[in-house]
Structures are given as C-alpha cells and as structure tokens.
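So, here come the structures, one by one.
Same chain, two partners: chain A is paired with chain B first, then with chain C.
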Partner chain A sequence: MMDLLDLILQPWIFIPLIFPGLTTAFLVLLGIIWAERKIAAKVQMRYGPLYVLKPLGGAIQMIADLLRYLFAEPIIPKDVDKLTFIFAPLILFGLSYLPTIVLPAGPGFTAISSEMSLLILLGLLTLSPVFTMILAWGSNNKFSLIGGLREGYLVTTYEIPLFLSALSMAVLYGTLDITAMVEAQKNVWGIFLNPLAAIVFLVLILISTSKFPFEIAEAESEIVMGPFTEYSGIFYGLVMGASYLKLYVLSLLYALIFLGGWYPLPSFLQNPPFLAGIMVFVKGLVIMFIAIFMRAIYPRYRIDQAIQIGWHKLVPLAILSIFLSLLVVYLGGV
Partner chain B sequence: MSEFVETISRSEDGRFLELLIGPQHPASGHMRLVAEVDGDVVVSLRPNLGYVHRSVEKIAEVKKFLQIIPLVERPSLADTTANNLAYVLALERLLGVEPPPRAQYLRTLLAEINRIHSHFYGIGIHGVMIGSSTAFMWAFGDREPLIHLAQELTGARITYSYIIPGGVRRDMPPDFPDKVEKVLRYIERRLEDYDKLYVRNPVVRARLEGVGVLKKEDAIRLGITGPNLRASGVPYDVRKADPYCAYPDIDFNVITREEGDAMARFLVRVGEIRESMKIIRQVLKKMPDGPIFAEKYYKMLPPNLKKYYEETKEVKFPGIFANLRAPAGESVARVEGGRGEVVIYIVSKGGMNPYRFRIVTPSFRNAVLFEHLVRNVRVADIPAIYGSLDYFPPEADR
Partner chain C sequence: MSVSELLGNPVALSFIAATFLTLVSAVAVIWHKSIVYAAFFLSMLGVGNAILMTLLGYPVIALFHLVVYVGAAVTFILFSVVMLREAPMVELKERYLALIALALLSILLLYVFSGYVGMTSSYYVSYKEITALLVEKYWFALIIAAIALVTTLIEAITLARKEVVS
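Presenting the complex of A and B:
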C-alpha cells in the first residue's frame, strides 16, 4: 500500500495524473463550467443550475451534463469527413491537456525538468488550434467553415503577442525554466515588475480560450456554434471541454510566471509540495474566475475589431513589455 | 474519407458563399435569411418571410367584429395593445361610438405600459444578438413588473383584449396608482444600471456605433415608421401627428437622434421608455372619474349585467353583442405602437363580419429596411442590425 502511494507521489506520475494533470483538470472542468453558469446567473437575476443537488446550489450539474453527453447519440452527418470528424476532437482534447505535464506543482517537483519548459509549454499550446481548424473543415458545414477561418485568424492574432509577453518575463528572470522563474519571484511577483506584460497576457488568455468579449469563433447568434456546429453527444463535450482545459493551463501558467507561483509560502512548508500545489491552484482559480466573469459584462467583438486589437494594441504593447523587462534588468534585475 | 461530398455551394466564379441563416438558427427568428458572403463581408441579404403567416386578414373576414379583437393581437405578441387599439378605433369610427374620457385615459395607460415592455423585449433580444446575455436577462426580467401591472389592470399577461368598442373591459383597481409608481421608480433605478453596464460598455459601442446607418431620406423613401425612423432624425410620431385617446392632453416629447445607426435606434428606445414613464405619471394624475363604457351600449345591457357592472366596474357583454353589425362603409385607424405605426383598415357591407380587413404592421416595413441596411457589412453585423430594428417576423407575416 505504501509502495503504491510512494509511486503515485513520484513527480512523473503525480503531475500528469493528479495535479495539475488529469484528475484536477477533470474536477476543474466540472467546477469551472458550473461556476461560470452560476456567476452569470447571479449577475443576471437568475438561479442558474439549482436542482441537481439542491443543498449545494446544483454543484454537480456538470456531472449530470457529462452523463447526458456520454449517453446521447453522437450524430455523425453523412457528408462529413469521418476520419477527421471523429479523431480531431480527441486529439484536440488531448493536446489541450498535454501542456500540464511541464507545469511544476512545487519547487523541484516536475515531471519533465527542462531548462526550456516555458518554450515547451508555449509550443504545445499552439498545436490545438490546428485541430479546431481541421475539424471545422471536416464538418463540411458553412458555419463550421466560417468558424474555423475565424479561429485561424485569431490564432495569427494572439500567438505572437502571447509568445512575446511570456518571453518578456523570461528576459526579466533570465531563464526559460518555469521553476526557476518562480524562484526568481521570491521577493517581488512578476506582475509588479512588469505589469504591462501581465495585462497583455491576461487579455490574450481571453482571446486564445475564446472567452467574452472575444468569443468570436463560436458566436452563437452569427454562426450557430462555429467550428463545433455539427458536433453532438460526447464529441461535443470534448470540443467544449478543450477550450476550458486551455484556460486552465494558461491560468496556471499565469499564476506561475506572474503571480509568484508558490510564494509567499515560506520555504519550510514547500516540501513536500502539497501546500505549494494548492497555492498555485488557488491563484490559477482566481485567473479563471476573472476570465469567466467577462461573460456577464461584455458582448462580443467583431472579428475585424478583435484582429485590430491584436495587431494594433497587443503586439506593440507586448514588444514594449520586453523593453520594460530589459529596463528592469538594467536597473538592477530581480 | 471517400464519401466526402462537397455540399458547400458557391457562386459561379466560386467567390461568394451562400449562407442560409434560419429558420433553424439561434438568431434568425421565424424566417430565413439568405446571405451571400464574400469572406467576412455580406454582399447581399434577402429576408425570406412567411414562415409564421397566420392569415389574419382572411380569417377576419369570417369572424364577427368582437372575435377579431383577440385575433389582431396574435401577430405581434410583445406589442398587443397597439393592434387592439388600432382595430377598436377603426371599428368605433365605423360604428359611430365615442368612449367616455376615463376609458380614453385607461387605454392610454395600457398602451404606454405595453410600449415600455415591448421596448424592453426589443432591447433584450438586441443584447443577446450581439452576445450580451446579461442585457437579455435583465431586459426580460425588468419586463416582468410591467407585465404584472398590465395583468393587474386587465387580467392577462400579454394578450389583453382590454380595449373594446365603446370603452375598456375593466376599471383600474383603487391601489393601482401606487403600484405603478413603485414599478416606475424601480425601472428608473434599473435604467441607471443599464447605462453603466450596457450603454457605456466599450464593446457595445464598438459593435453598434456606425453600424447599419439609415439615412434620413432613405428612411422616408422606404416608409419606415416608429423608433427606427426617429433614430434617423425624423420627428414623426402618430401620437403627435394624428392624436388619439388621451394623447392631445398629455405633454411628452418625441425622441429623435441624428445618427441613424444601430446605437441610435437602441438609444431612441431607451429614451422612449423614459417618455412613456412620464406619460403614465401624467395619465394617472389627470385620470377623470366617470364611466368606462359608452352610454349607448350601457343602455343595451340587461339588468343583471348592469348591476354587475355597477358593482365590479367590469363590462360583460351579453350574447347580443356577438351579432354586432357595423354600418356599411370604410374606416381606417392608425396607432403608434412600440415598433412603429399600426394601420388597420376595415371595409364593411353592413354585415356581421368585415368585407375586407387590412392590417399594416411596422415590422413588414422593417423587413424591407433590413434588406436595405445589410449590404457590405460584416457577417457579425447581421444580428447587430437585425436586433436594432426590433423586427418581429410574426408581425410582418401576419
């Protein structure tokens, strides 16, 4: 029994399977969608999910929804490209979850310790939109096609400033290793050293995970469900879950590189890394709540306006943030 | 892989894509929009109407005059009082009946309550079309107190059938003015919230300003009425141009804006909600005492219904009214509804049903306007413009 526990607590098992990997990701998926619906309902003078486990305010509504997705018939239209239609959602979901393996759960507690872990994570993040476009094309539906094209335009918009603003933090800390970046924030958090990059990155989280006001690729009143129009049953559950998983990964990354990771936890509590992991998780939750709260405030931008915001505002600001980092390094560093 | 069939149709040179938006679409309403798009730009859009045609005009020819009252309300569910009122005004002109002053004021009261909740309906739908679910929920929630008021007054939530030839069906309950004041204060407070969250929201501004601009001369040429016309700077309002009911005694402004874009149409509606509240307050203050039912018809009531009327102030028609005959002739009435001018035209040959019945609703004019405005705009502008017109397909189809 103890052997098994020891095995699970090995970082190369614990990280992909427990935190921040599969188990936590799954719970977050259930919790965050419920929270999104509940928060929006609060603002909008409604109850939101209520009747599934009433004492807890319908907290397990998403489990009921998941069961419904599982048992609903996944309709595969006659004219779709079956191979891409079935496999693209699976790969999309898998790729959205994959970047969690490079996230550290505590000091030195990593599944893959690499000096390039930030680059690996950013690289893995860029893969999933490709599959959104592939499944949009394979759906053989005009609304899917337009949605896929919109997704493609948005990728070109957010990817460059996302990389630039994340790399500006690498410039600031002088490393590409996420664990080392957290260690560099022992005294001052990154958000205070380079607030410009922090703001740009937060907006880019909204764009890249298709949250309001940038929920453009799935704009319901324009193109039904965008790339996912033809999907039903568990495939729909997968494609919808993918964007929330991406939000989860990006929020944890934000917590690690801008919000000090496991600091201000004193070093004697950091090992074993349970408290450190909880610290990172709570900070990530705050970012996720900010992202989902936007639904209650903003309508959505038009695609041309979003692209304009990306190229005219966010790219210059991201470049500026690199210079800001260089200035901070020049003035004394971290 | 082998069965991949290209079903995406294109124009002959392969440049344009034909999008069929609706009738099974989250934001098409009960109609189909045939849009031709060039990338993200809409080249042309044809609204394909008729999915909810109910043949009101033809059915009216076989219905008795009183039965037509609920019939005309059906096409425009958010704005039933305007149709009800326009029909009864036309019928009264034919019959030569003049309702007593208190009934006139009660009609005005209900018409304005209905105008406010009709505008909230339009604002809510517009909100969700550009992606603001909050505006949708708020507007539909804030519509509810007004519907409750109307229910208090008439006994029904939406289809009131309150206005009858010669007066109104029921008198106002004694505590009604207090309840109205409470609701109006609530709505005033809520309008501040809308202002903060929705009207001054940068994303809303970006989506609506300069989108779907309707020029003044085009608005006149296309025969547009109601808030959509006034948002293009034409101060035309039937309540001023051809006053009816209690409107000649009431002091109110016609809200106009010069921009003519989607934002202006939205803001005109918000302005009209404020004006309607002003009208309701004046109506309640000036409400005269007296009967709510024309003397001519009161005399025809049998003794037991006369007694019922005196006790409860509710009018119950005896069976004899079902055979109401209108003298031969023609009459026309127009009324300013929430969405624009409602015109009803009746031709009678002296029988128990109209010989010809014609109803012109504002939404049909807006269908023409919709096609006119959605040209060389973005795909995302289709719902933004659609919602701003407060266009209601059943009302256009009739």
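Presenting the complex of A and C:
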C-alpha cells in the first residue's frame, strides 16, 4: 500500500494524473461550469442550478449533467465527415489537457523538468485551434463553419500578443523555466513588475478560451453553438470541456508567472509541496472566477471589434510590455 | 541492435515511431484527395519532425517548428480552405506529379545526407547558447532578418489598406 502511495506521489505520475493533471482538471471542470451558471444567475437575480443537492445550491448539477451526456446517444448526422466528427473532439480535449504536464505543482516538483517549460506550454497550446477548425469543417453545418472561421480569426488575433506578453516575463526573469520564474518572484510578484503584460495576458486568456466579452466563436444567440453545433452526448461534453480546460491551464500559468506561484509561502512550508500546490491552485481559481464572472456583466463583442482590439491595442501593448521588462532588467532586474 | 535492446531503449523507440509518423504523414499529405485531411497530415508531419529534432538535440528548433509550422501554418491553411466552404479536391494527375516530386526530393536528400549515416548528435544546444551565438556572432544576419520581416509586415499593411480604399 505504501509502495503504491509512494509511486503515486512521484511527480511524473502525480502531475499528469492528480494535480494539476487529470483528476483536478476534471473536478475543476465540474465546479467551474456550475459556478459560472450560479454566478450569472445570482447577478441576474435568478436561482440558477438548484434542485440537484438543494441544500448546497445545486452544487452537483454538473455531475448530473455529465451522467446525462454519458448516457445520451451521441447523434452522428448523416452528412458529416465521420472520421473528423468523431476523432477531432477527442484530440481537442486531449490537447487542451496536455500542457498541464509542464506546470510545476511546487518547488522542484515537476513531471518534465525543462529549461524551456514555458515555451513547451505555449507550443502545445497552439495545437488545439487546428482541431477546432477541423471539427467545424467536418460537421457540415453552416453555423459550425462560421464558428470555425471565427475561431480562426481569433487565433490570428490572440496568438501573437499571448506569446509576446508571456515571453516579456521570460525577458524579465531571464529564464524560460516556469519553476525558475516563480523562484524569481520570491520578493516581488510579476504583476507588480510588469502590470502591462499581466493585463494583456488576462484579456488574452478571455479571448483564447472564448469567455465573455469575447465569446464569439460559440455565440449561442447568433450561431447556436458555433463549431460544436452538431455535437451531442459525450462528444458535446468533450468539446465544451476543452475550452474550460484551456482556461484552467492558462489560469494556472497566470498564477505561476504573474502572481508569484507558491509565494508568499515561507520556504519551510514548501517541502513537501502540498501547501505550495494548494497556493498555486487557489490563485489559479481566482483567475478562473474572474474569467467566468465576465459572463454576468459584459455583452459580446462583434468579431471585427475583437480583431481590432487584438491588433490595434493588445499587440502594441504586448510589444510595450517587452520594453517595460527590458527597462526593469536595465534598472537592476529581479 | 536486437529487438529486446530496442524495446528497452525509449529513444530508439521514439525515433522509430516519429520516423514512421513522419513518412506516413508525408505520403498522406500528397495522396489524400481532401485538402482538409492533407492539412491535418501536414500538422502530424510537423509533430513528427519536431520529435525527430528533439531527439537530435535541438529542442528549441523543434518547439519553434511546432509553433510555426503546425500552430500557425496549418491553422492558416485550414482557415483558407474552410473559408472556401466546398473544400477543393486534388486531381489524381496532380497527386502523381506531387509524388514524383517527393521521390526526387527524397533521392536528393539521401544523396546530401548519405555522408552522415551512422552519426549521432552527442550534444544538447540550449536556447541561451543559440541566443548568445545570434547576438554576438551572427548579429548582422539577425538585423537583416529583422529588416526583411519588417518589410513583409509593411507589405501586408499596405495590401490591407488598399483593400479598404477600393
């Protein structure tokens, strides 16, 4: 039994399977969608999810929804491209979850220890839009196609400033290793050293994960469910979960490179990295709550407005954030 | 190398898997009649190439290959193809032509790299070394590359502005 526990606590198993990997990601997925619905309902003076475990405000509504997705028949329309229709959601979900493997759960507690972990994470994040567009094409539906095209437009908008703002922090800390970046924030958090990059990155999290006010690719009131219109059953669960997983990964990354990761936890509490992991998780959760809270308070931008914001405002701001990082380095660095 | 040695060597296994993925994807890119599928196989080709580059000791180049040739290029190809609504099918004649080009290119690459057979990379190049090399030794080439990129950017802006005026 102890051997099994020791094995599970090995970082190369713990990180992909427990935290920040599969188990935590799955629980977050269930919790965050419920919270999104509940918060939006509270703001709009409704009850929101209520009847599934009424004493806790319908807290396990998503488990009921998951069971429904699991047991509902996944309908595969006659005219779709079957291969892409079935496999693209699976790959999309897997690729959205994959970047968690390079995230550290605590000091020195990493599954893949690399001097370029930030670059690996960003590289893996760029792969998922390909499959969103493939499944949009494979669905053979005009709403899906329009949704896929909108996703394509948004990719061109958010990818460059996302990379620039993340890399501006790499310039600031002088490393591409996420663990080393957290260690560099021991005294001052990245958000205070380069607030410009922090703001740009936060907005780009909203764009890249299709959250309000940039929920443009899925836009329920315009194009049904965008690229995912034809999906039902467990396939719908997968494609819907993919964007929330991406939000989870980017929120944890935000917590690590801008919010000090496991700091201000004193060093004697950092090992074993249990509390450090919780600290990172709580910070990530705050970012996720900010992202889902936007649903309740903002309307949706049009696609041209989003692209304009991306190219006219976020790209110049991201470039400026690199210069700000260089200035901080010039003045003495971290 | 015996089969048992091969099974116990993750690097050799990864190399074989990546090579298989790369070759199959390369043929599928040419042979598949649907351009959307061809673009998908192009992305798999990029992934295979990135794995091979990592195994050879160049993870920085592998990552940029992944970001540029899969994340950006395939996204743009798919974006353009999907926008056409009816994805064009490739004619059989063109596919034969592409296959002949692939065969000729393979022969050329075999000829070029035949001198390196059996040699393995024994070092790891870190991104800091590459940056130092670029900034200190190849700074002029870097500036030229930057100017070339800025020129492309200006061209793109000019084209976009023209479209608005017309």
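A few comments on the model shown:
As a convention for this text, the second predicted complex is superposed on the first by the 334 of 334 C-alpha atoms of A that agree within 3 Å, B and C clash if a C-alpha of one lies under 4 Å from a C-alpha of the other, contacts with A are read in each partner's own complex, and residues count from 1 in each chain.
Operating definition for what follows: a contact is a pair of C-beta atoms (placed from the backbone, for glycine too) under 8 Å apart; a residue touches a chain by one contact, two chains touch by 3 or more.
Quick caveat: nothing in here was measured; it's all calculated off a predicted structure.
Of the two partner chains placed by the overlay, only chain B lies in contact with A:Arg300; chain C stays clear of it. Legend: residue contacts after superposition of the two complexes on their common chain; A:His312 is shown touching neither chain B nor chain C. Touch criterion met: A:Leu145 reaches chain B and chain C at once.
Of the two partners chain B and chain C, more residues of chain A are touched by B. When both complexes are overlaid on chain A, the residue A:Phe212 reaches chain B alone and has no touch with chain C. In the superposed model, A:Ile223 makes contact with chain B only, not with chain C. In the superposition on chain A, A:Arg68 makes contact with neither chain B nor chain C. In the superposition on chain A, no contact is made by A:Lys42 with either chain B or chain C. In the superposed model, A:Gly123 lies in contact with chain C only, and not with chain B. In the superposition on chain A, contact is made by A:Lys78 with chain B only, not with chain C.
When the two complexes are superposed on chain A, the residues of chain A that touch both chain B and chain C are 145. Chain B meets chain A in the complex at residues 1, 3-8, 17, 19-20, 25-27, 37, 40, 127-135, 137-138, 141, 197, 201, 203-204, 206-207, 378-383. Taken in their complex, chain A has these residues touching chain C: 84, 114-116, 119-120, 122-124, 126-127, 129-130, 133-134, 136-138, 145, 148-149, 152-153, 155-156, 159, 163, 176. Those residues of chain C lying in contact with chain A across their complex are 36-37, 39-40, 43, 59-60, 63, 66-67, 70-72, 74-76, 78-79, 81-83, 85, 87, 126-128. Note for the complex: chain A touches chain B at residues 40, 43-46, 78-83, 140-143, 145-146, 212-213, 215-216, 219-224, 295-305.
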